[in-house]
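Reviewing the structure listed below.
First chain written, first letter: the chains are A, B and C, and each begins at residue 1.
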Amino acid sequence: MSDPGRAKVDSLGEMPPQEPAAAAPTGLPVGQAKSMFQLGFEVFIQNKLAIVGMVVLVLAVVFCFVGPLFYHTDQVTVDLLTTNLPPGPGHPLGTDETGYDQLGRLMVGGQASLTIGFAAAIIATIVGTVWGAIAGFFGGLVDAVMMRVVDAILSIPILFLLLFIVTIVRPSIPVMIFVLGLTAWLVPARLVRGESLTLRVREYVQAVRVMGGSSWHSVLRHIMPNVIGTVIVNATFQVADAILLIAYLGYLGLGISPPATDWGGMLSNGTAFIFTNYWWLIYPPGILIIVVVVAVNLVGDGLRDSVEVRLQRR
Amino acid sequence: MIGYILRRLAQSILVVLVVTVIVFILLHQLPGGAARAILGPRATALQVAQFNTANGYDQPLLIQYFRQLGEWFTGNFGFSIKLNQSVSSLLAQRLPKTIVLSLLSLVLTVVVAVPLGIYQAVRRNRTFDYVATGLSFIFYAAPTFFIGIIMIEVFSQNLGWFPPEAPQSNGVGPIFEQFDAMVLPVVTLALLSIAGFSRYMRSSVLDNIDQDYVRTAQAKGASPQRVLYHHVLRNALIPIITLLGLSLPALFAGALVTESIFNFPGMGLLFWQAAQSSDYPVELGVVIITAFATVAGNLLADVSLAIIDPRVKL
Amino acid sequence: MKKLRTHGGIRKKTFRIFGSIAVVLLALTGCSSGNGSPTATTASGNAPGKSADTATFADPPNTVPNWIWPFSPLANFSVSNSSDLQYLLFRPMYWFGNNGKAEVSDSLSLAAEPVYSNGGKTVTIKLKDYRWSDGTSLTAQNVMFWYNMLKAEKKNYAAYTPGQFPDNIVSVSTPDPKTVVFTTDKAYSQQWFLYNQLSTITPMPDAWDMTAAGTKGDCATNESGCAAVYAYLVAQSKDLPTYATNPLWQVVDGPWKLSKFNADGNITFVPNPTYSGPVKASLKQFIEVPFTTDDAEFQVLRGGNTIDVGYLPTQDLAAAKSATTGPAEAGPNPLSANYQLAPWFLYGVNYFPINFNNPTVGPIFKQLYFRQALQSVVDQPGVLSSAAKNYGVQTTGPVPLYPDSPLISQTEKNNPYPFSIAAAKKDLTDNGWTVNAGGTSVCAKPGTAAGDCGPGIAAGAKLDFNLQYASGQQTITTAMQSLKSNAAQVGITLNITPAPFNTVTGTAIPCSGKTCTWQMGNWGGGWVYAPDYYPTGEVLWETGAGSNSGSYTNPAIDKLIIDTTTQSGTAVMQAYEDALAKDLPVIWQPNYTYSLTEVANGLQGATVQNPYSAINPEEWHY
């Protein structure tokens, strides 16, 4: 029930706890899983806010990845003669302090934010799930050691880890994915561990053991599918967290190296110009971050509800 | 129960030790090392070598670590050459600031988020609930530096209601004399956690409203108020208490971004600056305190959960 | 646990609410900013310190004074310690910065300019009639106290360079209480000896000659007695909370006394009524306040009711000033309602080092043609006019182009390597490189003959480098992006990475061997000539010098540097300067203002600023 997400981001001191991800779903027979997923899907599409979130996400992806195909801008060459131009002909959203077209930059920055957000969440989820499942399934000493490792890493201020890594490796998009992924896996590890602990004692897992099934087989075949709902819900929140976390890193000067950028880096850059009122450098990235993070959270909420309904109808 | 606590305590100490080892090793891998960072670019190779000898930085890491460990056991956190102060006097200056800021914002969070969450749950799916949910989604998604800067712009520079910086006097007493200056930083720090906590509270209350014991109580003829406050609230607060326990480390790690925006140098900034300048003693001092706070928070959360919620067995 | 939430009835209302919240947020902030013009600050009527007759000074972000004894160890040798604390209380023997010019100030110095005799080897210094605040006179003994301390503890003094002061002193005598005579081992440049050697002396009062509270030491007369005094004074310097109360530090010869000292940087000074200098402080208090970031400082400055002398972050200037105005002239000031803008320049040069000793790319850096090509893609005028809003000057060699001085040579004024993509391209193609604009250029003609790439550069070698720069400064960030973009046009790939300032200075250090792998490092500030006020290169570019970050070496330059320290006059300086400007030991970049100082309307005497970062609040008055 504890929410390690809180502890994880506390070294940044600013991020609030996540809403609890799926509250401990109890085990269900594997054979019924598919129909349960269908049921969940039905619930999901009934959730209009979640659908809106989904649509917003798709639009954001289209804007960032397809947009540049139609809206060509030079995001490589610096033009010091056209810096900080307000929106106008040729530059619908103006230019930034190095003369890059802001609209084009939002697309490039969005690619980074979305890629990092999703990829880091996937890495964190996979690593965390495997770690937590193993710890929870074997229990005992294995569990104690594995979970104390999680505790230890959680106790190291994340800022210190990030500062360290960013100092020794050049912060590119893949590096950021790796770094954020490897600091975020602790949360799913704890969640999954908690669930597999309860699953471990369930009859059907016990039955597999009695029938001589191997431990690994049990983990993969029986425990994983049962925690998948929780994990997916948590993963969506991880996406939102990762997008916000790179924003903080950008603010602290540890973001992706220019000329690459992300929305967070653009926003923190833009906030320097609040007095000179270059609003086009502040509000577009700020609003995009908020809208996308809200959308991801809406989808997460929707997923959680469908997971739970699926379980309740059991 | 006692056995469990003792066991966890032993494990926790082990975890803190592991953390210090990891941090110690990482610290010494940073390029340039302490000597360069502290002596600056003017230092000659000879001066660097002398500095390293004088501070024992030229000895094998293992020996340095155990010497450091011995110092910690005697309560000596060392001396920051960079800041020309002992680490304990630095902590004595910074910790009160951080604790006041974090505690006030935590109090504000609880005072606002708990009633808000309850009210939202009771009046769910009405206009108020939607507004509050919408706002909490937005504040949850907005980076603190963005909120903080907008706060200053609106409430300090334009409306002139509050000063743009936190109280500057030393010590805790004067902070309360200049309470208006504390408003913006506390609110900025609290907004995100209010957003998170109120969502948490709302769903927690909704969870409990539907529980069997509530139905029983209603069937027995308890008044709606009594059911709400006596039965539902008590149970709904359990996750909040867990969260509060886990928020403990935040008191120590501090709120870097808020501190820096509002010119309020607390632990967060101390840590950040030490990390940037390879100030080993300060860095280790903060990490060890944070690590202790984190494990203590985890432990406290688990234990209090066990005490409050009889269903949890340790 | 189960959860019951109603899903079906999500109403349009919610969407409207989301939308309206966004609109409200926008309106709140939008109305603040109007339509394109910066928010006008309201005049607060009175300058903050006017009624109380005090001045509040904003310390630079993230640095607070923390070492009071002028005999600073390297770790505590900083602008904030010397300029914002020590100099206000304890005056160095010679004061540098004269009405904004980069020269010695005869009126603020404690001694007359030195007289050289005996072929330049005897240096005679006459002290002026100054008094310490405990009533004693400033005497030759006070100078000897410093000199003995320096001899005994030279390895603990930040500005000591082996072979230089006091190593180059053969004997010293004090024929009378107001005269000190140094005899040097050979004749030195008179300018250099005054500006870079005698400049480090700060006379110390007899009251400091102690080995414990109440126990007299004898360091002033006997070098062997200095170790015990040193230990005592260092211990006192490490006790920050007692700075304002310790009787030691109350004995001052400067215009101010410490009245309140907080380790967090809140410091209050009160006038020293017995100050013997030309101008006694007229303000009742001089107050320093610390800031975490320049943004935080600016938010307070904007309010106009706390800070009397602060600074404007460059990014908060909307309009550039005219490019034809002098560097220190002010342009449009967004805070003109309350403040007067006074750009502050330090006597320094800005550059970033490249690592000649890097095992892989060092051979490329050793080629002058490559350095020329790289220097030619640095768009100094472009960066100055856009990011720096024209508050800055170009750097073209080791002598700063501002403030103006007779040392500046014609070569530097003409700029041997102005911004030119074409010139850079020619440099590379003429020397055996296939230039791939937008890609990475490769060496096509390896070898050591004319027109070849040069020794140690293999066929197919690439112009692909890592450049780490200090994060957090808008101008540097923009300049680095501009450099990367320009360099790409001649196929020089620069992988630019922001990193904390200390990481950059900790990485870009003189080194050798296999682990010497950094390539380029830009901490953004180059070098300020203080307290080595004469712009010679013995600590910067001489082979093996301590601050020769890139391990640059050139025997011809070494000889010219020795000339500048041993021969007086400007001719040797200009010879050195021309050779170095052409040889590019580092890559020059624009020198930005040290600060865009904002002085409260009505505060007099604060707009002429010291080119070595000292402040003279005793000259300020309402």
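The rule we apply is simple: a contact is a pair of C-beta atoms (placed from the backbone, for glycine too) under 8 Å apart; a residue touches a chain by one contact, two chains touch by 3 or more.
Not measured: the values here are computed from a predicted model.
Enquirer: By mean C-alpha coordinates, which chain is most distant from chain B?
Expert: It is C whose centre lies farthest from that of chain B.
Enquirer: Hey, which pair has more contacts between C-betas, A-C or A-B?
Expert: So, comparing the two chain pairs, more contacts are at A-B.
Enquirer: At what distance in angstrom does the C-alpha mean of chain C lie from that of chain B?
Expert: A distance of 37 Å separates the two centres.
Enquirer: Between chain A and chain C, what distance separates the C-alpha centroids? Give it in angstrom.
Expert: Chain centroid spacing, chain A to chain C, equals 43 Å.
Enquirer: What is the distance, in whole Å, between the centres of chain A and chain B, each centre taken as the mean of its C-alpha atoms?
Expert: 22
Enquirer: What residues in chain C touch two or more of the other chains?
Expert: 1-3, 5, 14, 18, 22, 29, 33, 39, 295, 302, 500, 503
Enquirer: Give me the residues of chain A that touch two or more other chains.
Expert: 23, 163, 167, 274, 294
Enquirer: Scan chain B for residues touching two or more other chains and write them down.
Expert: In chain B, the residues touching two or more other chains are 30-31, 137-138, 149, 153, 203, 207, 276.
Enquirer: Okay, in this complex, where on chain A does chain C touch?
Expert: 23-24, 43, 46-49, 52, 76-78, 80-81, 83, 86, 97-99, 163, 166-167, 170-171, 253-255, 257-259, 272-277, 279, 283, 287, 294, 304-305, 308, 312
Enquirer: Which residues of chain A touch chain B once you look at their complex with the stated criterion?
Expert: 1-4, 6-7, 10-20, 23, 144, 148-149, 151-152, 154-157, 159-161, 163-164, 167-168, 240, 244, 247-248, 251-252, 264, 267-268, 271, 274, 286, 289-291, 293-294, 297-298
Enquirer: Mind pulling up the chain C residues that touch chain A in the complex?
Expert: Against chain A, chain C makes touches at 1-3, 5, 7-8, 10, 14-15, 18, 22, 26, 29-30, 33-34, 36-39, 295, 298, 302, 313, 315-318, 334, 379, 382-383, 385-387, 466, 471-472, 474, 477-478, 480-482, 484-486, 488, 495-500, 503.
Enquirer: Tell me, which parts of chain B touch chain A in their complex?
Expert: 11-12, 14-16, 18-19, 22-23, 26, 29-31, 102, 137-138, 140-146, 149, 153, 189, 192-197, 199-200, 203-204, 207, 238-239, 242-243, 246-247, 249-250, 253-258, 268, 271-272, 275-276, 283, 286-287, 290-291, 294-295, 297-298, 301-302, 305, 312
Enquirer: If you look only at chain B, which of its residues touch chain C in the complex?
Expert: Of all residues in chain B, those touching chain C are 30-33, 36-47, 50-51, 79, 81-85, 89, 93, 124-125, 127, 130-131, 133-135, 137-138, 149-150, 152-154, 156-158, 163-165, 168-170, 203, 206-207, 209-211, 259-265, 269, 273, 276-278.
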